[in-house]
Amino acid sequence: MTFKKKDLLDMESLSAKEIALILDTAESLKEVSRRAIKKVPTLRGKTVVHFFYEASTRTRISFEIAAKRLSADTVSLSKSASSIVKGETLADTAKNLQAMNPDAIIVRHSAAGAPHMLARLVESSVINAGDGMHAHPTQALLDMMTIREKKGRLQGLNVAIIGDIAHSRVARSNTVGLTKMGARVTLAGPATMIPQGVEVLGAPVTHNIQEAIQEADVIIMLRIQKERQQAFLFSSEREYAQCYGLGLEAMARAKPDVLIMHPGPLNRGVEIAPEVADGPYSVILDQVTNGVAVRMAVLLLLLGGSR
Amino acid sequence: MTFKKKDLLDMESLSAKEIALILDTAESLKEVSRRAIKKVPTLRGKTVVHFFYEASTRTRISFEIAAKRLSADTVSLSKSASSIVKGETLADTAKNLQAMNPDAIIVRHSAAGAPHMLARLVESSVINAGDGMHAHPTQALLDMMTIREKKGRLQGLNVAIIGDIAHSRVARSNTVGLTKMGARVTLAGPATMIPQGVEVLGAPVTHNIQEAIQEADVIIMLRIQKERQQAFLFSSEREYAQCYGLGLEAMARAKPDVLIMHPGPLNRGVEIAPEVADGPYSVILDQVTNGVAVRMAVLLLLLGGSR
Amino acid sequence: MTFKKKDLLDMESLSAKEIALILDTAESLKEVSRRAIKKVPTLRGKTVVHFFYEASTRTRISFEIAAKRLSADTVSLSKSASSIVKGETLADTAKNLQAMNPDAIIVRHSAAGAPHMLARLVESSVINAGDGMHAHPTQALLDMMTIREKKGRLQGLNVAIIGDIAHSRVARSNTVGLTKMGARVTLAGPATMIPQGVEVLGAPVTHNIQEAIQEADVIIMLRIQKERQQAFLFSSEREYAQCYGLGLEAMARAKPDVLIMHPGPLNRGVEIAPEVADGPYSVILDQVTNGVAVRMAVLLLLLGGSR
C-alpha cells in the first residue's frame, strides 16, 4: 500500500489503513535515531519549511530533527521575523512560499483551519503542527504509536483523556484517531471544561474522573492552561490538582498495567503529580522519542513516494 | 566571461555585461528548483551568513533556500539575538564575523551604506539584501529576469515604476539596472512622494500616473508603507487607492500585453487591487520564483569561481 | 590519548593533559576553516542542539559554524521561542530534548550550574557555552590556544586579567585553566569589582593595575557591563576608562611583546582604547578565529570518539 495524500491536516481525513501505514513506517524508522550516524539520504534535496506562528519547543524541534535525519533541507519562519508583521495575509504568505517551491510546509497557527486553507493554496505538502483548538494530528499519531508499542495493539483498549477537553486539539485528534483504530475513548473533565456538543466526537463524556481512571488501559492527561484560571474555569491550581489532577492516590485505583501519557509541557503538581509523571507507568518521554519517528514517517510518506 | 567582483552592493557598480551574466546564470539555475532533488553540490563546504537587522520573509527565506540548493552551509543572525543589543558597533560585528571566515555575508540593514562599509572591512563576499532607502540589487535583478523571461528582452521596453519613489530602494535599484540594460524607466507617484533631485537617477518623473500606465510595457507598483500616512504623505488608504492605486479601471487603459509587478508584501486594495494582483497580467509570483534563481546565481558567481 | 569525558562543563574538571589534547586537536582542525571546501565529514549524522537562554553573537555563531564544518546537523532553540515561556522546568526541557536523542547539547544560561544539572539529566554530551558568573570553558580554551599559538607555550607566562573580576565567568575559567597549564595569573581590578574570597581561585589579586600591566606577558581585558554603573560599581564610563581602561599610556609601560586579549564584545573607549584594540599587540580577532577551531575540537573529542 502506498500513501496517496498530499497533506496531513487532521485525523478525520485519514483512514484506519493510512493510520496503520504511518505507524508501521514510524516503527521501522525509529531505529535511525538510535544509530551512531543518525541519517538516511531519503529526502536529500527536498526543502521543508517550518512555519510556526506560535511558540513551541518540542514540536518544532521534533519536526526539524525528523527532517534533518532524512537529509532534507530545512528553513524556519516564525511570526515575529516575517512579513506577517507588515500586514501580509496568510494567503499571500502561502503563495509566496509556494513560489519558492518547497516540498513541504509544516505549519502551526492559532487559527483553526489555517493549515487547511494553506493546503488548498499551495502544491507543496502541508503538515498541520497544531491549529487553534482544532487538530494536532502528529501528536495523536505519536500517542497511538506509543500505545501500540507498549500494549501491542490499539483495538479494544480503553483510553481516558482527562482535563480541559474543550480547548484541546490533542483531545480532538486523539479521539478521532483512536476511535478509528478500534479503541474506546472516554473524555473526562470538570463541567466547565467540557462544552455541550462534544458528543459529536463519538466518545462518551463523564465528569466522574475517578471512574474514568479506574477503567482505563491508557490515561492521557491534558495540560491545563493557566490563563484559563483567569477565565474562572477553575479557582486555583491547588484546587484543580486536588479535584482533577492525577496523583498517587488516584493511581492506586488504576489498572496495574495502565499507561500514563501527557502531550507536554507538564505543569507538575497541577494536572499531574511529579511522582506520576516520573513514575513507572509514565511513557511521557517515549511519546517524545516516538514524535521524531512519526514525523519522519509522515515526511517520508508525503514526500518520498512516487508523487 | 567570468564574474570578478567580490561583492554585490548595488546596481551602480555592475556593468551591463555583468547584469546579463547574472541573468543568464539565473536562467540556467532555475531548473534546479524544479527537480525532484533540488540540490547541486556546487557550494558544498562554503559558509553563508545571513545577517538581517530588519524583519523579512521572502528575502531571507529566498536567500536561505538559494544557498541550501547550492549545498552551502548557512548560519542566521538577527538583530535581536546578537551582540548588537550589547552595543557592539557594526564594524566590530563585521570583523568578528570575518574572523570566522565565512564565504559570504548577506546583510539587510536599515542604514543606507551599511553593506558597503561591511564590504570594505571583510574579505568575505558581501551581498546587499536591502539597505535603508538606498539599494536592493537582488530585487532589481529578479525583476529584470522576470521581464526578460516574459518579454524576451529588456532593451527598448517602457517600464513605469509607480508609488512612493522617495522611500524606495526597489525603485532606485531598478531604475539604475533597467536603464543600463536599455529600458526606458518612468517614475510616477504623488508629489509628496517624489522628492526634488530624483532626476539624478536618469529617469523622467511624472505625477500623471494614468499616462505612465498607458505607455508602459511593464508596471512595477511599489508597496505603500502605512507609517507614511501618519507623516501626512497621503490622507487615507482609500484615497491613495483611488488616486494612485492600480485597479481594473486603470488597467483598462494599459497595453494589452502589459506586465504587472510588485516587490511584495502586497497591501491589497491600497496600491494594488486584488483583481489586478491576481489577474492575468500579474507576474508577481514569477518574481518570487525567480528570486531564488537570481540569488543562486549571485552566490554561485561570487563564491563558485576561481577566486 | 583519547578523550573520555561525556561533557565539557568547566575548566576545573579538565586535567592539564586533557587541555593540551583539546588545544592540539584545535590546532590541527584550524586549517579546515582555511580550505576552499571548509568541511570534513567527521560528525555526519550527529545532531547538535544549540540551546541559548541568553543573547549571543559570537558564541552561538562560532559553535554553529564549528558543528557545520564537521558536517553535524544543528538545531537551534532560544528562550523566547521555547516552552520555557510556558513555564516548563529546565529539567523537563532537558529530558524532552534527551528523548529526541541529540548527540550534544550546547547550553548558555543565566543561572550558574544549569549546564551541570543538564549534564546529569541527559545522556547527550553537554557543552557549557557560559553559565551565569560561573564558567565559560570554551572561551578559556580559545584564549589559551591563542596564547600558545603566539607565545609557543603557556608554562611560566605572566597573564594579567583586568576588570570586573567579580562578575566574570571568563576570568574564572581562564584563571583555573591557565594555572593548570603552568601560567601565573594575576587578577586586577577596582576594589568594588574584586570580591573577598576570590583567592580560592589560586591567583594573586591586586588593585594596582599599572603593576599588573607592566609584568604581564599577556593581558586579558574584561568587558565592563554598563548596567554595573547603575549599581555604583563605578561612577562613569569616562572615569572607568581613565582609571582602569587599557589605553596607549598604559601600553607604554607594558612589555614590548605583550599580547592584548578581550573576550568581546568590546566597549571601545571604556575598558579598552580603540588604538589598543586595533593595535599591533592585539590578538582579539585571532581569539575569534581560534574559537571556531576550539569548538570543532571539543565537538570532535566529545562526539567523534569510540563512545
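Read from first to last, the chains carry the letters A, B and C; within each, the first residue is number 1.
Basically, contacts are C-beta pairs under 8 Å (C-beta built on N, C-alpha and C of every residue); 3 or more make two chains touch, one makes a residue touch a chain.
All of these numbers come straight from a predicted model, not from anything done at the bench.
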- For the homomeric pair subunit A and subunit B, should the interface be classed as same or different, according to whether the shared residue numbers exceed half of all numbers used? different
- Message: I'd like the angle of the rotation relating subunit A and subunit C after CA superposition, in degrees, nearest 5.
- Response: 120
- Message: Taking the mean of the C-alpha atoms as each chain's centre, how many Å separate subunit A from subunit B?
- Response: 40
- Touching two or more other chains in subunit A are residues none
- Residues of subunit A touching subunit B in their complex? 44-47, 49, 73, 75, 77, 80-89, 92-93, 95-103
- Touching subunit A in the complex, subunit B uses residues 33-39, 52, 55-58, 60-62, 64-65, 68-69, 78, 226, 264-268, 285-286, 288-289, 291-292
